[in-house]
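Structures given as structure tokens follow.
In the two assemblies presented below, chain A is common to both, partnered first by chain B and then by chain C.
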Partner chain A sequence: MEKLNNLYIEIKPILHTYVFELKKNSKKFIIFSIITGLIGFLIGFLGFALIPEDSLSSSQGAYFQDGLGIMSLILIFGVCFFFGGIICSEFSTKSGYIVFPKINKYKLIIGKYLGNITLLIGVIAIYYFILVLLGIFFYGLPLNIRIFHSFAITILYILAVSSFVTLFSSFMKSVNMTIIATILILLIVFSLVDQIVVLSNPDFEPIYSLDFMSRLITSILETDFPATTAERYIDMEMQGFIFRIWITPTIQMGITVMLLYTIICLGLASIIFSRKQL
Partner chain B sequence: MMSETVIRLDNISKKFGDLLAVNDVSLEVNKGETIGLVGPNGAGKTTIIKMIAKLLRPTSGRIFIKNSSGELQDLNQNARNLIKTGFLIDIPSFYDMTAYQLLRYFANLQNYPKSQINKRIDELLDLFKLSEWKHKKVKTFSKGMTQKLGIIQALIHDPEIIILDEPQTGLDPKARIEIRKYIRHLQNLGKTIFIASHMLYEISEICDKIALINHGSFVAYDTLENLEGLLKAKEIKCQILKPIAPENLGPIIKKLSEKLDPYLDKDLDPKISKVPIKYNPHKHGFRIFYKGDDETMSNILKVLVKEFEVDFTVHSFTQPKTSQLERIYSQMITDDGEQFNLKKRRGKR
Partner chain C sequence: MLKIKSGTKMVVLSILLLGIFLINMSSTIVAADNNYNIALKKGTDVLEVTEYDEDAWKSTISRGFSPYAWFGGSADEIHSKSKYTTLSWFKNESSAMEVFYWIFSLEVALLIDSDYEYDGWAVYQAKWNFTSKAFKDDADIEENFIPVFLNPEDFKRVLDDYNDLAPLVPVLSADDFLLQLILKGLIIPKPFED
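Right after this comes the complex of A and B.
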């Protein structure tokens, strides 16, 4: 009983920070939810309703795939929006002077991280919810159960990307710099490096790349998920050159890499944060 | 009664690259004492406070704080056991929330009893005249209001030790008086208070002991009275009932110089004053710089009353605390890093 009580006392600051973070970022959540909801509605409904030539996908799964095509982009912006200032803002705005003497830094980062993760998952859940409703509207029931698998992968992807951004936030000096740097890396640098690596060694699968991992969000909706390595890439010939495009990682690989990203980046961020002096 | 140490700094130093910000500082603060930390910008005041708040790690040395068992405990050991400490460091910067939400969060973080949080928030907001702003976002607050909220957050969990870095910054005179009053109230409650400030008047009014710091080292640490004893010259403010007519001023000053000659400080530091007797026509008073002790002071008073009965009537006769501290400060703290050698001076006494 005493052990439980001690554990509760240890966890309490995390819980308070978690709740506080939810309140603090509630406006961000509302704004982002509205934007994401509108995008979901635009992609999932308005396109088909307003442009008669824009025909519906052949199946509910394919419809979800089309709708989730933009997911990684929304997530990158969302993660940078929510996590860009998670650590560096305490230093740049000097709010750390008030908070750090009151709470252990590890507990502070855990509380803040969980709070922002919850909000971002909430935003994404709204997008999925709209897509599911429209999927039922257009294709009727039963619902393609793989949409839940995709949602689970999206959560893992959020964890990986948010940890990556949190790591940057731990050593960058300003919130804006963190947001710009991480958006550039996640949107441009990863895909550029992927292309260079594939060009220099087509057999090398870009398992280090978060951009590559994000493809699992849509590919998991495939009725026949690629069973062999050869099915997971396409070779394209262009002017005598053969370019290899890796379509998706395996599910196990995707989950493992994203979890590794989460653990390593969060661990490093915590170490840097705890050692950083104000 | 034995004094009980609640904070002890043991030879702490802090280096930033090649810069030695704090150099081998040792200090003991007893329960219920109010300590003023005074020094110029960059002297190391905030660095010392930040090390006590664990925002910075000392390069060497250790910091001890009293724990719940009444023993001094290393700051880096289990923080849960340490007695409650409240901090206000630098100009406070808050998250963009309402005052209530922020204070509730801070009280929760510091394990203040849940059932009493609202009462405590209302009490403090009322005391600092911020009740109407309870549910307003902090970004709409003025600088002074933000500073008040900074002080409130340091006190929200009713700490035993209160550490305030420049608490008067951004406050108007009325608010400064209110805060001084509240600090006195905290003193009466037996709280230990540690204040870093540039405002010598505030420090001299409320602190039991003063630590003078320059270039990262303590130049002196004692009560104001004991520090005054180290001064080469002391000052008396003598106010008279009616102003002296300009044509009489010269002869009166001459007579004063003659009659008070044995007591006057003739080697006065020109930074303090060029002459040992100064008349201020606006305040109808003299500033007299003398050398000596309390007996000298009473002798001066006797001379002024007896010998100058026809020239003026002494209305008040005081030793201004602030001015003394200013002079201690200017005597002990120099720009070039040459510091007043306290031990040497004490040896001479």
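Right after this comes the complex of A and C.
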């Protein structure tokens, strides 16, 4: 009983920070939820309802794949806005002078991280919920169970990208610069590097790339997930060059890489954070 | 004098513009220049076999023509289900050759000698055959094409074209022809008042 008591006392600052973060970012959560919900409604319903020529997908799984095509873009912006200031805001606004003497700084960051993760998963859950409702509306029951697998992959992807952004937040000086830098890297740099690497060596699968990992969110919905390496890419030959487009990582590789990103980025962020001075 | 905050004005203006946009989008869909319009909605319908009298079927339809041949799958089992999802439709002009290719085959279609254009719609559906098990994730026919004639009089036109064709294709009987029309899935447009 005493051990439990001590544990509770240890966890209490994290819980308080967690609840505080939920309340502090509630407006951000509401705005993102509304925007995400509208996007889900527009992509998943409005076009199909108003335009007869706009063809529905031939199955519920394919419909979910099309609806989730924009998920990685929503996630990148969501993660950058929610996590951009997770560490650097305490230093840029100098609020660390007030907070750090009163609360263990690691517990503070853990509480903030968990609070923001909860909010972002909530936003994404709303998008998935709308898509599921529309999937049932257009295709009826039963629900394709792979949508839950996709949701699990999305949560892993959120963990990986949020850790990546947290790492940047640990050494950058301002919140705005962190958001801009991480959006640019996640949206543009990763895909550029992928193209250069694959062009120079088509056999090299870009497993380092978060952009490549994000494709697992939709590809896991395939009825027949590519079983062999050859099924996971398409080759296009043009003027003597082979342009290889890698479609998806394997499920095991995707989960492993995303977990590695989470562990490594959070580890590095905590090291940098421990040495950072106010 | 009623003062309205600029924020409220923006909200009202946005809603108004959105409403005008949506009305314009929907009005272009329902406008029609004839007395028939297609009454489809996107979505899925499930069909279930609730009754099957095998003797009555054999005596009415044919001994050699089973429910499987007509509906596909296990259509002769009680409680077996089929479903189809209407994916899209659009205005379309089909040549006589295209219509006969849809009803019969390419070989028959190539024998057609008619310049007539059948006005109507092209409807695309995904179809799951009758089954007593759970539906598969993917459809048995992912894109089932069904032409819908704008003018029901075009069915008579199809029969006239068939009559011209019949001496060249003696294996086709009138019953065969009508059966093929029914098997492919007749969709009739809905009449409405001007």
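In the analysis below, the second predicted complex is superposed on the first by the 278 of 278 C-alpha atoms of A that agree within 3 Å, B and C clash if a C-alpha of one lies under 4 Å from a C-alpha of the other, contacts with A are read in each partner's own complex, and residues count from 1 in each chain.
Basically, contacts are C-beta pairs under 8 Å (C-beta built on N, C-alpha and C of every residue); 3 or more make two chains touch, one makes a residue touch a chain.
Please read all numbers here as calculations on a predicted model, not as lab measurements.
Trainee: Name the contact category of A:K23: first (chain B only), second (chain C only), both, or neither.
Mentor: Touch status of A:K23: first partner only.
Trainee: Per the contact definition in the header, classify A:T223: touching chain B only (first), chain C only (second), both, or neither.
Mentor: Only chain C; A:T223 stays clear of chain B.
Trainee: Which partner does A:I98 reach: the first (chain B), the second (chain C), both, or neither?
Mentor: Only chain B; A:I98 stays clear of chain C.
Trainee: Quick check for you: in the superposed arrangement, does A:A49 touch first (chain B), second (chain C), both or neither?
Mentor: Only chain C; A:A49 stays clear of chain B.
Trainee: So, does A:S59 touch the first partner chain B, the second partner chain C, both, or neither?
Mentor: In the superposed model, A:S59 contacts chain C only, not chain B.
Trainee: Figure out whether A:P142 sits in contact with chain B (first) or chain C (second), or with both, or with neither.
Mentor: In the superposed model, A:P142 contacts chain C only, not chain B.
Trainee: Per the contact definition in the header, classify A:Q277: touching chain B only (first), chain C only (second), both, or neither.
Mentor: first
Trainee: For chain A, which residues belong to both interfaces, chain B and chain C?
Mentor: No residue sits in both footprints.
Trainee: Can you tell me which positions in chain B touch chain A when the two form their complex?
Mentor: 50, 53-57, 79-80, 85, 87, 89-97, 101, 105-106, 108-111, 150, 153
Trainee: Across the complex, what residues on chain A touch chain B?
Mentor: Residues in contact with chain B: 9, 12-13, 16-17, 20, 23-24, 93-98, 100-104, 277-278.
Trainee: Sort out for me which residues of chain A touch chain C in the complex.
Mentor: Against chain C, the touching part of chain A is residues 48-61, 137-140, 142, 144, 223.
Trainee: Looking at the complex, which residues from chain C come into contact with chain A?
Mentor: Listed in rising order, the residues of chain C that touch chain A are 22, 25-26, 29, 40, 42-44, 46, 83, 85-90, 124, 126, 134-135, 137-139, 142-143.
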